[in-house]
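In structure tokens below, several structures.
Shared between the two complexes below is chain A, which has chain B as its partner in the first and chain C in the second.
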Partner chain A sequence: MKSGLLRINGLVTRLHNGARIVDDVSFDIAPGKTFALLGESGCGKSMTALSLMRLLPAGIAIEQGEISLNSKDILALPEREMREVRGGQIAMIFQEPGLSLNPVMTVGEQIAEVLALHQGIKNSAAEARAIGLLQQVGIPDAPQRLHEYPFQLSGGMKQRVMIAMALAGEPKLLIADEPTTALDVTIQAQVLQLLRDTQDKSGMAMLLITHDLGVVAQMAHHVAVMYAGQIIEQAPREKLFAQPLHPYTQKLFAALPDMHLKGQKLAAIPGNVPALGEAAQGCRFAPRCDQAWALCHEQAPEWTVKSDGQGVRCHLYNGRTETRGLRTEGMEQEVQNGATPHSVPSPQHSVLGSNYSVLQVKDLRVYFPIRKGILQRTVGHVKAVDGVALQIGAGRTLALVGESGCGKTTVGKALLQLLKPTAGSVNFSGAEMTGLNPQQLRILRGGMQMVFQDPYASLNPKMRVAEILQEGMDALSIGLNSTERQQRIDVLLDQVGLAQNAKWRYPHEFSGGQRQRIAIARALAVNPKLLICDEPTSALDVSVQAQILNLIKDLQNNLGLSYLFITHNLAVVEYIAHEVCVMYLGRIVERGLVEEVMRNAQHPYTRALLSAVPRIDGDRGEVIQLAGEMPSPAKPPQGCHFHPRCSQAMDICRAAYPEASNVNSTHVVHCHLHSGNK
Partner chain B sequence: MTAGRVQEPEREIIFMKKYIQTSGEIGDFSTLPVWQKYAIADLVYVAYGLLIVALVVVSYVAGMFAWLPYDPQQINMDAMMAPPLSEGYLLGSDFMGRDILSRLIMGIQAYFLPGLLAVSISLSGGVVLGILSGYRGGRVETIITYFTNLVDSFPRLVLILLVVAAFKPDIYYIMVVMGITGIPTVATAIANKIRFLAQKNFIEAAIALGLRTRVIIVKHILWYNCRALLIIHATIGMGEAILLETSLSYLGFGVQEPVSSWGNMVQSGANYFLQGNFWPSTAPALAIMFTILGFNLLGDGLNNILEDRREK
Partner chain C sequence: MNFKLVLLWTDAMIFLLLAVALAGAWLIRQRPHLLLPWQRLFRSRIGMVSLLVLSLFIVVGLLDSMHYRVALPDKNGNGQTVYAAEVLSVFDTLVGDLRSQNEKTYSAPMAVYLYAKESMETADGKILREYPRLKYGGAHLQDPQNEHTGDVLKRSLYGLFAGWLGGVLLALLVVSVAAARSRTTARQWVEARQHTPLNAVLASVILLAMLFGLTANLAGAYHVLGTDKVGQDVLYLSLKSIRTGLVIGTVTTLVMLPFALFLGIAAGYFRGWVDDVIQYIYTVLSSIPSVLLIAAAVLMMQVTIEKHGEWFSSSVERADLRLLFLCLILGVTSWTGLCRLLRGEALKLRELEYIQAAQSFGVSSMRILSRHILPNVMHIVLIAVVMDFSALVLAEAVLSYVGVGVDPSTNSFGTLINNARLEMGREPMVWWTLAAAFSFMLVLVLAANLFADAVRDAFDPRLNRTGDAK
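Right after this comes the complex of A and B.
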């Protein structure tokens, strides 16, 4: 490790009020290797990266520690020389490419700026170099793109431009802060591949900051897990994935939803991620750790390095086990097992198999008019949803999967008539929902409720929890009087796992996961049969996501609810759904039971989608690279919508949209490859 | 809610998540005592503002039961230009020997009802137009935008002088003009707030729960999320109304002598200012300043408290 390119030793970064948001962090990065910092929100991983760029926001400062790059002390450099380091030696790419590019400068100008600053290349030479860089990051028609503005590029393209800008300074170290979190899986696969290729070619080191175990498995050579400002475990990737030592790391693995865990509870970590810089005595994970004993709460564990180089910050491994008294034996057992999700008996089969369908949707269409000119004449339509049919049985979960912009959220809102469907029928437990007057609709809607993605926007910030929960009951006259309704609020809070003292509080006093529980309780208050869950966990941390998924499953088992689960996360689909519909550009391209679609996908798009999900077993498999990105729903391609990106496209795909073909009685696919077996 | 918006919420959320830190346990905000919940400065602002409002009540009660030290219009040739703190005259008397304190207290009535009229016109007009434009959108919004632009493009003072010339210099006519010209600001603010709220899911959730549109507008939008906005517009409007009333009374267009207004008190006292008799004009001028300050601080403080805006 002496040959490290970047060495960080004992870095402490403090908030102005003294809270340590990066606490005694040390690691080395070897040239040409990828080092991953893994952690949930607020654990200090981004602050570590900003510390070593010396770009900390006002009020946050490095207090102690050493950072050296090529044996040069970065912290001692004057600001002038530090500017040489930034961009020249260390480059950074951010999570949100749309906000990292200057919107009023062309792509070429922004790259040329870096070239002029760090390479001294100007004018036509810079232009030629910029074209070369854009080609290197896989942007087609580079000479034209050079003169385009960021808003003309898609999210994936912007991230490629960011990478090109980072490469322009020929850095020795690239810091990638959640580089693919904002991108769809298929685009994520492209960008990760690009980062790997560039690293192979240029030999730069990479500091990858992420919360996604799958991305780590694919990219990293060495991994450090951060929790509440500290590195709690550090190991080569293979070792960490084979045998995670720290209870937190073990839980992170166990909290990932997966097919194999179907019908079992996910090992959720109780509680929430501590806030940035929350002071703690003892081990910071102790309050959420089920293996903690007295010592853990009193004394912070030392950093222990095992003989094979795997380091961990936990009392379980520092040879002080004798203090644990009687509990020792049982604990060792559990440690060896690693993370065993406690299986629960699954009574869900009792509700399965009923053929009674709660929701039946036929040929649903939602078109948004495109208006132009002074007279606002309609010149075309964005076909956000174009002929969707689906059916949900009682007590069943249907997952609607697709990338952003495919229209899945629009389907959810159109079912509830929050958006007026252009055509089609929505039959909800025997009653037609479309074309009703507001009064009739008001009553019917109670049976169908929605849980939204963003727990911060879905609750009225000025209302107390009890008021939020009571509102729906008041509107639909559920419960006879206010005492009865108050009692029901207590029951609801209990059902979603919130304490009674939550009742008189405001939403801003709750964390993201807790707010999502309130949103679920609000929906349950009016006795719905069907819940439309629109990405209910995608704004949450992995450990909290597991809590909410468990809750959603429990509610189904106990109340016999049906779900329409809208998501882009295929791992969640595998875990929670009974049936799956895959959407592409406003249409369903494949539908079937979850096993059929996940294990035996027939549509080329589904296959590409599945192959693009980074797996934590590190087995890269063969990622089916999709060319380009999803076209605009305003101008869908002729014939099969997917053919421009499909490697198996035939002549007929360009001419006609494929009819439904049955693979078997439950598995349907819209693809010309299968149109033989009707 | 508006058509044509292709939804791409995931990106925003993930970005946001990075900056909003989740805290550990359920927060304890609700259980904090008032002085810890809100900034001390805001509480002081509100307390001072309420004191100014209390003086309005004092004025009407005292006027009704004749609890004033003197009749404010009573001329007393024996006590002309009595200095402040002289016997019987706490703030002195003016050139006709009228008690300044009594005239100051009655002067509150000169601005209060007219100001209230102006504020209620601009708030009620603004709320109605704002809701129509923000919640309905489309053609209604276009028409309302044209109307507000039209009103905004007339200089307020010219309109007032036109009204004074056409009718008579009555403070209530002037305040009606002031109220109408205040509508566009309120309407725009409300419409923008509604457009901002419409993107939030809780409005959609309320529709899904079966709430009536009326309830959603009045309760979720107006009561819970626009009250701070309305309060700040009301208090600022009141401050403006005081300034306008006193300026016009000073110029002789507003409240006419012998009825007292702080404006005509400053005017009548100004002639004696350079002779060393500063109090007849200084006292009402200070009253104007502290009252306008009071209304503005009241709005500021209430706004911060209702919006939970706390200095860290």
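Right after this comes the complex of A and C.
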């Protein structure tokens, strides 16, 4: 085989109780190339990386296999020499930049530590080198930043510093464990670009661990798909994206929400990702695979390499590659055509601006006071939401899109009156919701409910499912007596696709996707007309996300619900929304029908946001790189909030906030570029 | 025998606590999710053994909390039965002569002679300075010089053997009764529990029974832990001190819990001015040196009690009221720590999405506090209570040593130590009072701490999923 920098052969990592969490993993990484490990949570991809570094947590140990770096056996090295390897030859960056830097050391000290250890550079030479590194990772005012502490840096900056630290040891291999998962899309685009540039310059190899197909499409040369501890498919990127072989890989592609799947059901993979180290006979994917036959349940498939070098672990390709191959190609066609088993008619497309609007929000403002001094005097305001207007028609979905910190969750909470709006009006089906006392508000509560982001934090662990569902009914006196309420609970469980016996169980017995179903059932219990969904799928795996999106669509079709869908995931927006509002720094900068905004974005920010999303077709296109990061809502820039990051900013942008300009009757944008067509 | 039951204030508190604990246990048995961490606790070896030791202390404490007064043989002029002024407890009756067999002054553990020389007149009229024989300790020996060691050995061995036999019989009885109830043979029942700490518990039952046999057999003839300045048996005093320690440790908790629980979660949940007020209160309270505050309160109470002698029908009642007030004062000064902890936890919980979901249903604040926040902080409360227990037992010792603790007539570890401290400088040293108090307190606090550790592990949500770790 080709001269690999890193070779892993038959790696098995076990828990103390014998469960294999990394099971027979083999791959090579060539110098200067990027190898991506793709998989959902709990499939063992991070454990593979930690095995490489020999940094496994207590109770987990490498049982067998070979790992060699530059033909040197890493597993045989004594701990002293292994320390040279870590940071010196293999460096690692982690998911959460906020937790990977020591908060009590300055950035410069942390980089200098690596330099002293691995390069023997100290004192002023180290400082000069550290400045060089910070400039290399694109941090402005490097000499000044050197003396700052991590808390003074933003998330994207911290990840850049992490990369600078990793580069300080001049490693031959960089392991990036979900390097951009915690970052916003625009920042993600910056960091990914930086990683690519660094690789071009230094020629280091990269092991990229991610769950995001889009990131893989942009970054990887070679991809391995992991499922339940095993690599189930391995191929060069172009081949894998052109023709995925394993049913799981095919399903992963099909489960991605997209514009042209609108109105159809997503090809969700039934069931859940198996728990780490769960023992299985036969193929591990067999229980969730719709192409599985008896052999799949009895015998684990062997690793099969096709003539073109694409490897797969599936009985479909065992031996009689050709005939089986034909069959899958047929399957694939089906998937790509979106002719999934259940195709649903698209929701009754009511005319835009349907004369009956469920929710009408005008000039909503939520300011948080900034208090200072002994007397706690208010010295300013964080304008989290600053004059937002929305309108949602019956049975329609409005998506509120924006990066973290733009105030979109605050809008959701202010609508529900969980936060008291500073000003503005929230008119919900004809009744004004602001300025009511708790008793008056309670009457209106049932109409509007919320589904939260984190299904692990949104259910009280000490209450059973039936009690959780009943709470809202009790509080709002829905259902006459307890038998009626119990019957309603049965109906609700059925609606969200849960078994009746779920009633008397506790939340911890359910997986993330099932918990999100319970959370949706809880909201539905009080017969709402409008559901505010706050990133309901962002904590879920791709295959489970598709299940929940399907459920949300079904409920809309069956019950005529309206949704305010708060998200940062533009692919989900394309799939589920009718109308879109794009938020930036507390204000809506562009609104319109989903086709208009997604296909014909007018605001430079929307365009940048759209171009920053990694597409799975690998088409890097013209990514509009946004300089810097979102400013603090406590001190928004003068004039148009976006002008410091906008490449098309004009003088007037620095002076005045742009008024609304109509592109057409439904498409509105706040930008001076379009102020002509008022 | 005729007697009158006496219910002291602290007795009432203890039985109330016992009832609450039993009711709680019954409630937990009904709910599988509450039972789960306890089942984990029951699988922990250290937890179960320390619980066994702890429960021995509790049994002694409970027996010592059932008080009564014996009727005197003579009736008074009106034909009414007159009761003795002395208040006895069931425990006093069980230990029998241990209470009344007082020597003249100090004697070393297992001694036959007094610790100090006395002038004695011999039969021929000469005055000798000699160590006199004890009245009770080893009184049955004719020739102590030669017989003493042999007798002690013989009694020890006999006691150990009897204890072993009793322990084994008890273990067999427990196993066979349990097996009969679950309709299996004893062997099957034991084998089904191979992964439980059953063996460790049975072994410690036998060991404790042996220790009990040894002590009981020796105590019949000797002062096992010696005698104190006024000749009282130190073993008896130490055992009596247990009740005081337990009362301080538990009743104080009872006093402090409502403050800590309600104020803590209310401050954390409501924020705003409620939070400000509660924070100011506990910050002020915890910045006053607590010993000073306790000393001031105890002295005030002492004066009041002395002014109103007519309130009490016996000295025991007076001492008991003082003990109760000490608990109250300790409770009022010690809720701040737990309150602060709960406020922090409630601050964290109120931001959780299930609380917000409840708010968006319009669920009332009190209901959110009781249904959503309280059950989710109970594990912290339990851990804090078990951990505080040992701290309070130690605090009592310190306070009594300083002289602001319990009534001098109340037996407690603190008073024992206080009495012993002066004799430490004596040559030869009188070490056994201090040693006895020290070791009893050590065993009690150690058992409580180990139990608290086991409880914390069992209730730690982060360890929940690794049930097969050990």
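To be clear about the criterion, the second predicted complex is superposed on the first by the 645 of 678 C-alpha atoms of A that agree within 3 Å, B and C clash if a C-alpha of one lies under 4 Å from a C-alpha of the other, contacts with A are read in each partner's own complex, and residues count from 1 in each chain.
Please note the rule applied: a residue touches a chain if its C-beta (ideal position, glycine included) is under 8 Å from a C-beta of that chain, and two chains touch if they have at least 3 such contacts.
Being a predicted model, the structure only gives us computed values, none of them experimental.
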{"item": "Side-by-side fit of chain B and chain C on chain A, or clash", "value": "clash"}
{"item": "Partner chain(s) touched by A:R442 [first = chain B, second = chain C, both, neither]", "value": "both"}
{"item": "Contacts of A:A76 with chain B and chain C, given as first, second, both or neither", "value": "neither"}
{"item": "Partner chain(s) touched by A:A627 [first = chain B, second = chain C, both, neither]", "value": "neither"}
{"item": "Which superposed partner A:A655 touches (first chain B, second chain C, both, neither)", "value": "neither"}
{"item": "First, second, both or neither for A:A384, with chain B first and chain C second", "value": "first"}
{"item": "Chain B versus chain C as contact partner of A:D541, first or second or both or neither", "value": "first"}
{"item": "Chain B or chain C, by number of chain A residues touched", "value": "B"}
{"item": "Which superposed partner A:A128 touches (first chain B, second chain C, both, neither)", "value": "neither"}
{"item": "Clash with chain C, by chain B stretch, listed 7-15, 25-33 or 241-249", "value": "241-249"}
{"item": "Where chain A meets both chain C and chain B, residue numbers", "value": "413, 416, 418, 438, 442, 445, 448-450, 452-454, 457-464, 471-472, 475-476, 506, 519, 522-523, 526"}
{"item": "Chain B to chain A touching residues, read off their complex", "value": "3-18, 20-30, 199-202, 204-213, 215, 220, 224-225, 308"}
{"item": "Touching residues (chain side chain A, partner chain B) in the complex", "value": "41-42, 46, 95-96, 98-99, 155, 178, 181-182, 271-276, 278, 287, 368-371, 382, 384, 404-405, 409-410, 413, 416, 418, 438, 442-443, 445-446, 448-450, 452-454, 456-464, 471-472, 475-476, 499, 501-502, 504-506, 508-514, 519, 522-523, 525-526, 535, 538-539, 541, 544, 568, 633"}
{"item": "Touching residues on chain C, where the partner in the complex is chain A", "value": "33, 352-354, 356-364, 367, 371-372, 375-376, 468-469"}
{"item": "Parts of chain A lying in touch with chain C, wherever the complex brings them together", "value": "16-17, 59, 413, 416, 418, 438, 441-442, 445, 448-450, 452-454, 457-464, 471-472, 475-476, 506, 519, 522-523, 526"}
